[in-house]
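There are structures below to look over.
The two complexes that follow have chain A in common; it is paired with chain B in the first and with chain C in the second.
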Partner chain A sequence: MDFARHVGVIFGKDLHAELRSKEAINASLSFALVILLLFSFAFDPTADETRDIAGGLLWIVFAFAGTLILNRSFVRELPNDCLDGLIAAPISSAALFLGKALANFVLVLAVELISLPIFGIFYNVRWTQQWWSLLLVMVLATWALTVIGTIFSALTVNLRIRELMLPILVYPIMIPALLGAMEVTGPLIAGKPLEGDLLMGLRLLVGFDIIFTALSVWLVETILVG
Partner chain B sequence: MREKLIYLLSAAAAVLLVRNLYVIFLALPDEAQQGPIYRILFVHLPSAITCFIGFFAAGVCSALYLGTKNLRYDAVAAASTEVGLAFATVVLVTGSIWARIIWGIWWTWDARLTSMLVCWLLYAAYLMLRNAVTEPTQRARFSAVLSIFAFTDVIIVWKSIEWWRTQHPGPVLSIRTGGGRMDPDMESAIYWNLVALLLFAVVLVLVRIRQEEMRREIDGMRQAAHAF
Partner chain C sequence: MSDAAVNCAGVWKFYGDYPALRNISFEVPAGRCLALIGRNGAGKTTLLRILAGFSRPGKGDIRILGNSPRETATRHRIGFLGHGISIYDELSALENLRLYARLYNLAQPEKSAMEWLERTGLVHVKDSLVREFSRGMRQRLAVARAFLHGPTVMLLDEPFTALDDRAIALLQSLLADALSRGSTIVMSTHQLREALELATDVVLIQRGTVAHHGPRTPEMLADAGWLYRQYGEA
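What follows is the complex of A and B.
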């Protein structure tokens, strides 16, 4: 029971800190907008093709913009030795990790939910047809991104070149999750129901979430404390 | 002792490689459909197996390091990852050359090609991470964690991409197919070359471990010197 309370405290603290400064979330949102804009130069934005590659486009935007938030997650604790304070606090590293991951999850999902309608407007795509299935996929894939991003944010926080290392580590590991999400999101936006082949992508996402959440919770103590 | 072992193994690998080159290029005939280019398989397939054995060994040693905190395992993990990555590069390059001749293209986003590339990127990131951390125990800890993540990820990537269409040739070795897909002479050439490449990989790993140990010793001396 204590564990859940600890997770909740860290979750609340991180969310509070971010919502007061809005540093990461603002940067992430405007970055998402910039990428959406850049895509319009990369291909003909009115063509039907947009609908076919919508899944891939969206997840590239989400993954790139999300990393900005994830990057800040542990770096924020560096001034005034807050990280040492958190590690010394009478909570387990797993609770610290899960609290931070949950806060990041909420923030990244918020950025995604704001950029999704903007994407719909810019590229003239009707994305609401399978809304609940789409939300499910977004929740599962966003959790995958946040777990990987948060654990590697913890791993790179003490490195001199952390901003360089994080993308190199995070994106290749995320590939299966991004692949699954892209495979499912495209058809969902095109209005196909969540069944048949699409369930395979969903299974992949669930499997990825379970395996890497377990691995991260198990290894975070090693990373932070040693 | 280890010095002698390294020389012995490399001599054995060299002899075996020369013998294999003779068999591959002079003794075996061209393949009926592919012509002479099929010979690349004798390097491609054994390199692939060698690199996966290297990455697997690295994963096991990383887990052992986290369990025991013995830096020796870290040295073995780093060495076998590096050697594995070298062989992974060989796999990608030889595969591309073969594909250019047979498929007419250097690369296609096929399941096996993609997962091999992801694998390569992950372990290249591992080596970059090692360079980025200066403190030895921290370096060992972080890279062990990454190695475990990478190994798990490679399995998932492999499984996940397999679901989508593949154009890479299917298994040819009898242990996977139950026999009949390949001439026994050709198959034995693959196994012999696998033995040769594995020996070669072991030599490289042993040399690399020694370097890693020396580096640690030098680091220790340097720190001791600074302490005065």
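What follows is the complex of A and C.
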């Protein structure tokens, strides 16, 4: 019971602080929209081409834009040594991690959900045909991104070159999840139902989420305290 | 196992190959106030951070009230005031204290937060963002944060450094009050006069080792630099 409450307190604090400053979400959203706009000018794709590149394009944009939010996750605790206050508090490191991961998840998913209709307009795509399946894939892949990003944000928080280190560490580990998400997203945007081969990509995302959430929860105390 | 409030047994801490702490051992019985003194780089902050559970010793054992400092039940009873104030600039004073009250599972977070805002003279700015506060106000809020949950072991790293007169008076009265209620205090400090007025015991750390451990004596109180001179640190 305490665990869930502590997760909620950290989640609320991070979300409240971010919505008050809007530093990370503004940067992430601007980045996502600019990249989508630039790609639309660069390629001017036909409907068939769009269907082929949609999954890859969207998840590259989401991953890059998401990292801007994830970078701030533990950096937010550096001024005034706020991380010390959280480590000293009688909450488990796992609750601290999950609270932060959930706040990041909501912020990254919000950026994705705002970017998706813009993508539809720029590329002239009816992306709503398999909306609920697409949302499920977005939720699973976004959780994968936020779990990996949050744990590596904790690991790199005391490094001087953390902004550089986080993407270098996160993207290689994210490859299986990104491949799964890209493989499923393109056909869903093209209107194919979530069945047959597409379910393989979904299973990959579920497995990735379970394994890396468990690993992160297990390792976070060691990462924070040694 | 000793029933001391703070027990530090054979503690070593390495940064790479460099031993920042070398076989540190001492006990602080409940209700005592230990002043941890030493020059810059002696290892006081490293030791206090290990006592508070922020990092683990390379070798040796730390017990706070008989348990590991990383145990949740132990952390309920520790109050830490370090170099940083552990207060969020983008939250208001009330939001900060309410956050910590919730993390410490206090029964009435709002009420506890308001009580401490009144006690530290910050109730009139309770809804103002901390980033708009003066340095003295931030320090008083940090003191409130450290005492909010009624800790029985206080770990203080340079608590008087950079405090204004009002904050020093507040902190001294809170510490004296805590001692009178049987709380235990370990504080590292360079401000010997303020610390020695409260201290019942003194540990001098030199290059990561305990050079002296004993009760505070009248000589120390009369001449704050006396102990340093005894150990060749003029």
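As a working rule, the second predicted complex is superposed on the first by the 221 of 226 C-alpha atoms of A that agree within 3 Å, B and C clash if a C-alpha of one lies under 4 Å from a C-alpha of the other, contacts with A are read in each partner's own complex, and residues count from 1 in each chain.
We adopt the following convention: contacts are C-beta pairs under 8 Å (C-beta built on N, C-alpha and C of every residue); 3 or more make two chains touch, one makes a residue touch a chain.
The shown structure was predicted, so the numbers you read here are calculated from the model rather than taken from an experiment.
Novice: Taking the superposition as given, does A:V9 touch the first partner, chain B, the second, chain C, both, or neither?
Specialist: second
Novice: Where does A:A110 make contact in the superposed view: on chain B (first), on chain C (second), on both, or on neither?
Specialist: neither
Novice: Check the residue A:S21 against both partner chains and state whether it touches chain B (first), chain C (second), both, or neither.
Specialist: A:S21 contacts chain C only, not chain B.
Novice: Classify the contacts of A:I118 with the two partner chains as first (chain B alone), second (chain C alone), both, or neither.
Specialist: neither
Novice: By the touch definition at the top of the document, which applies to A:G226: first (chain B), second (chain C), both, or neither?
Specialist: both
Novice: Identify the partner contact of A:C82: answer first if only chain B is touched, second if only chain C is, both if each is, neither if none is.
Specialist: A:C82: touches chain C, not chain B.
Novice: For chain A, which residues lie in the overlap of the chain B contacts and the chain C contacts?
Specialist: Common to the two interfaces on chain A: residues 226.
Novice: Touching chain B in the complex: which residues of chain A?
Specialist: That would be residues 151, 155, 158-161, 164-165, 168-169, 172-173, 175-176, 179-180, 183, 200, 204, 207-208, 211-212, 215, 219, 222-223, 226 of chain A.
Novice: Using the touch definition up top, name the residues of chain B that touch chain A in the complex.
Specialist: Touch residues, chain B against chain A: 66, 118, 121-122, 125, 128-129, 132-133, 137-138, 141-142, 144-146, 148-150, 152-153, 156-157, 160-161, 163-164.
Novice: Going by the contact rule at the top, pick out the chain C residues touching chain A in the complex.
Specialist: 52-56, 70, 72-73, 75-76, 78, 80, 82-91, 95, 99-100, 102-105, 145
Novice: If you look only at chain A, which of its residues touch chain C in the complex?
Specialist: Counting only chain A, the residues touching chain C are 2, 5-6, 9, 13, 16-17, 20-21, 79-82, 84-92, 221, 225-226.
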